[in-house]
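The structure that follows is given in the form of structure tokens.
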Amino acid sequence: MNLLKKLIALLTLLPALALASEEGYPLDHAPERTKDLAAVQHGAKLFVNYCLNCHSASSMRYNRLRDIGLTEDQIKANLLFTTDKVGGLMTVAMTPKDGKEWFGAAPPDLSVIARAKSSESGTGPDWLYTYMRTFYKDDSRPTGWNNMVFPNVGMPHVFWELQGTQNAVYTDEKDAEGKVEHKFDHFEMIKAGKLSKLEYDTSVADLVGYLEWMGEPTQGLRHQLGGWVLMFLGVLVFLTWRLNASYWKEIK
Amino acid sequence: MAFVEKKLPADAPIAAKALNWVDSRFPLTKLWNDQWGQYYAPKNFNFWYIFGSLAMLVLVLQIVTGIFLVMHYKPDATLAFASVETTIMRDVPWGWLVRYMHSTGASAFFIIIYLHMTRGLMYGSYRKPRELIWLFGVGIFLCLMGEAFFGYLLPWGQMSYWGAQVIVNLFGAIPFIGPDLSLWIRGDYVVSDATLNRFFSFHVIAIPLVLLGLVAAHLIALHEVGSSNPDGIEVKDHLGPDGHPLDSIPSHPYYSVHDIFGVTVFLLVFSAIIFFAPEMGGYFLEYNNFIPADSLKTPPHIAPVWYFTPYYSILRATTSQFVYALMAGVVAYVGLIVFKTKLSSLIKTAVMVGGAVALVALDVFEAKFFGVVLMGVSVMILAALPWLDQSPVKSIRYRPSWHKLVYIVFGIAFLILGYLGIKPPTDARTQVAQVCTFIYFGFFMLMPWWSAMGTFKPVPTRVTFHAH
Amino acid sequence: MSIEKQVDPGRRGLLVATCAAGGVAGLATAGAFVSTFQPSERAKAAGAPVEADISDLKPGSMKIFEWRGKPVWVLKRTPEMMASLAKTESEVADPNSEKTYQMPLPEYCKNQHRSREEHKDFLVVVGICSHLGCSPGQKFQAGAQPSLPDNWQGGFLCPCHGSTFDLAARVFKNKPAPDNLDVPPHMYLSDTKILIGKDEKGEA
């Protein structure tokens, strides 16, 4: 009996042995923006101006931007870049074939990128937020840029004018076994951009907020409706519980 | 026999007359009464007995949401992903809700079925005379796994594509016919539009029809012998003056209201997930599936959907090293049967021959093949349960207390296998999976011996029931 | 074992409340599912107003544009064609377009020529016969022709069941088609561009 109990205890501990930590650049937490309409609108503006040249968002209709507080006229005047119909989809002229040739890999469609990039290391927005802020100068790459979150990425640093140009600074440390580890230590800004660090981080947060919203435009409605549905079902659970009890009290 | 229609008095309500007309031509009232209204069931059902009804509810849910999804889904490799992410999730009014109901429903179905099977295991629901109910249930489980697998390809995301690629290639591991079989299943050299179209047919019509038939058979078999109960007693042994078991109650109204309560609790949890966590941390809607299928690039972490992971672990645990352990297992098991059973010498000889063949096969064929074999056997072995279980009592309640620990160890091993299936393999994890595989198979294959061991508790003649 | 046969008032109340609440839940869910049948955003986007370029449209000729999947005719009528409308006035079933087929006649087309006053000669109609939906053919030449009366002034003939329409797309009497052809909401962005599907009141 004791042996069995020991065996069970051992079995329950086994998973701990099997755990291993995930490798990769630690992700920063993306500030919550999806409920801030002004921020998401700003993000939409950044998206349409900086991303929509190479990346498509072919599941997203322009007129859906009404949901973040823009009128159709505002959309037509400021954001309608790749088509002339406000009901059209955010497609781009670059074909995947061209993209692969020019960048090494076709720029992926961004419609649901905020959902696709989630992992155990962090949410999709966390990934995107950290990604857009960890580009650094690397002359060995065809674009001249490299990235901490996505090493050897084919994408150039489209926001370099806003963020500025930074270098990645490494240190050489001896680890426990005496081997020299070439580790990333910090970024060093060699040429400042138009925005301060805070302004740039905020802009990226806005863009990520937009991407998160675009990944599932009905998310707000889903949460709202969910609150009512759960309350209603709570009442229904109570009623059916009492109804059940009223019948079963007669069973001896 | 001449056709006789019961005559109702002239002032009877019109509804009663209409029902009478139908009943003379179709056993409507009889069907209602036999299957539910006057179907007498033991009164001591507990929480574990809700899952059968919930399974039926989720089946209906999946079919209804499926019908509405198919109105907008396009089963074409170039159009499928967009038909889900653009059309259904964004363009169709309320399409996103239908989609989340269907994806959550799939995972809910498996949770419910695993709990439903756990009930069967605990209370010996599969014992005589209910073996056939159990066999139909195993059939339903297999169909459900197939249905989930075929359905998963349809969104045509990265997980859809590569999951299908891997599983179809499993069939390629079968000696001699494997590669041709895989080609035939796929309809192409790799998973492609041809595969998508046929999987669409299987998922939307072929398997649902089989499922409906099996569910009907499952319920008919149940109603034929009557439900079991947590005490494992046969309630029909004690009939009352009205011919019904003393310990039973009519399903209507008692289990009608009881199940409706269970259903509302389920819907509460179900809705909480749909409205607040439809992705469920990437387990119900996998993150990689938000990337359109790319036949040239496999995602770095590829794992089957959570409900397949225990069996997937068993598959992965079967390395070439593990095959030696299997050989030892075969020898030990054959020895057990030859020396520790009272079976006829004919059967013992057959077992020895079978064991020898198995040893040769284990030596000759690749470990990959035996991974597939073990994975298949790990599911199919459920069918043997009514005959493996030699306990003199049906329910866990009257078995020796240590039997509970055996079940718990089995359950933990199953859960560990499930957990490991999600993770990328490492040497340590593979070893743990191998240990758990032995526990899993040991539970079943040694059951004829351990299930009869120990001091059993006296089984009461009447059910244990506490008034509500 | 005894089972009470009477339904006590508490239980009845619970039954009613549960059924009512359950009914609401059922209706709400059914409503969501039924709504999925409504035109999707894609269908609505495809149904957006269409710009029709009429800069090269010569008098007496017609151009066909597609709007919401249907043919929309833009016919630039000659003075003779306009004059014929008075002659057909007594022969058409509904000269004042009091009846509606699928779209109510816009206010600005409530006249004999069924077109905007500033652009009288342009006829803008949906070329779908009000009988069973075929698209009538052009029969602009006046005079006797097969399937047409001897005093034919010019108009349209539907090939499916023989309905005829005058040059304001009004249906003649005693024909299978009951109604005049629809005039879609439209507005002139300029003298050479018509926006079909939208007017001052908004989109159709």
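Order of writing sets the chain letters: A, B and C. Residues in each chain are counted from 1.
Simple rule for what comes next: a residue touches a chain if its C-beta (ideal position, glycine included) is under 8 Å from a C-beta of that chain, and two chains touch if they have at least 3 such contacts.
If you're wondering where the values come from, they're calculated on a predicted model, not measured in any experiment.
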item: Per Cα centroids, the chain farthest from subunit C; value: B
item: Chain pair showing more contacts of the two, B-C and A-B; value: A-B
item: Whole-Å gap separating subunit A and subunit C, where each centre is the average of the chain's CA atoms; value: 47
item: Cα-centroid distance, subunit B relative to subunit C, in whole angstrom; value: 54
item: Cα-centroid distance, subunit A relative to subunit B, in whole angstrom; value: 36
item: Two or more partner chains touched - positions in subunit B; value: 86, 90-91, 97, 249, 260
item: Interface hub residues of subunit C, defined as touching at least two other chains; value: 1, 3, 18, 22, 41
item: Multi-chain contact residues (two or more partners), subunit A; value: 61, 64, 233, 236, 240, 243, 247, 251-252
item: Interfacial residue positions of subunit A with respect to subunit B in the complex; value: 1, 4-5, 7-8, 11-12, 14-15, 17-18, 20, 58-61, 64, 89, 108-109, 111-113, 115-119, 124, 215-218, 222-223, 225-227, 229-230, 233-234, 236-237, 240-241, 243-245, 247-249, 251-252
item: Residue ranges of subunit B in contact with subunit C within the complex; value: 64, 68, 71-72, 86-87, 90-95, 97-98, 240, 246, 249, 260
item: Touch list for subunit B against partner subunit A, complex; value: 43, 82, 85-86, 89-91, 96-97, 249, 253-254, 257-258, 260-261, 263-265, 267-268, 271-272, 274-276, 279, 282, 287-288, 290-292, 301, 402, 405, 408-409, 412-413, 416, 419-420, 423, 426, 428-429, 432, 435, 465, 467-468
item: Subunit C to subunit A touching residues, read off their complex; value: 1-4, 8, 10-11, 14-15, 17-18, 21-22, 24-25, 41, 44-46, 48
item: Complex contacts: residues of subunit C adjacent to subunit B; value: 1, 3, 18, 22, 32-33, 35-38, 40-43
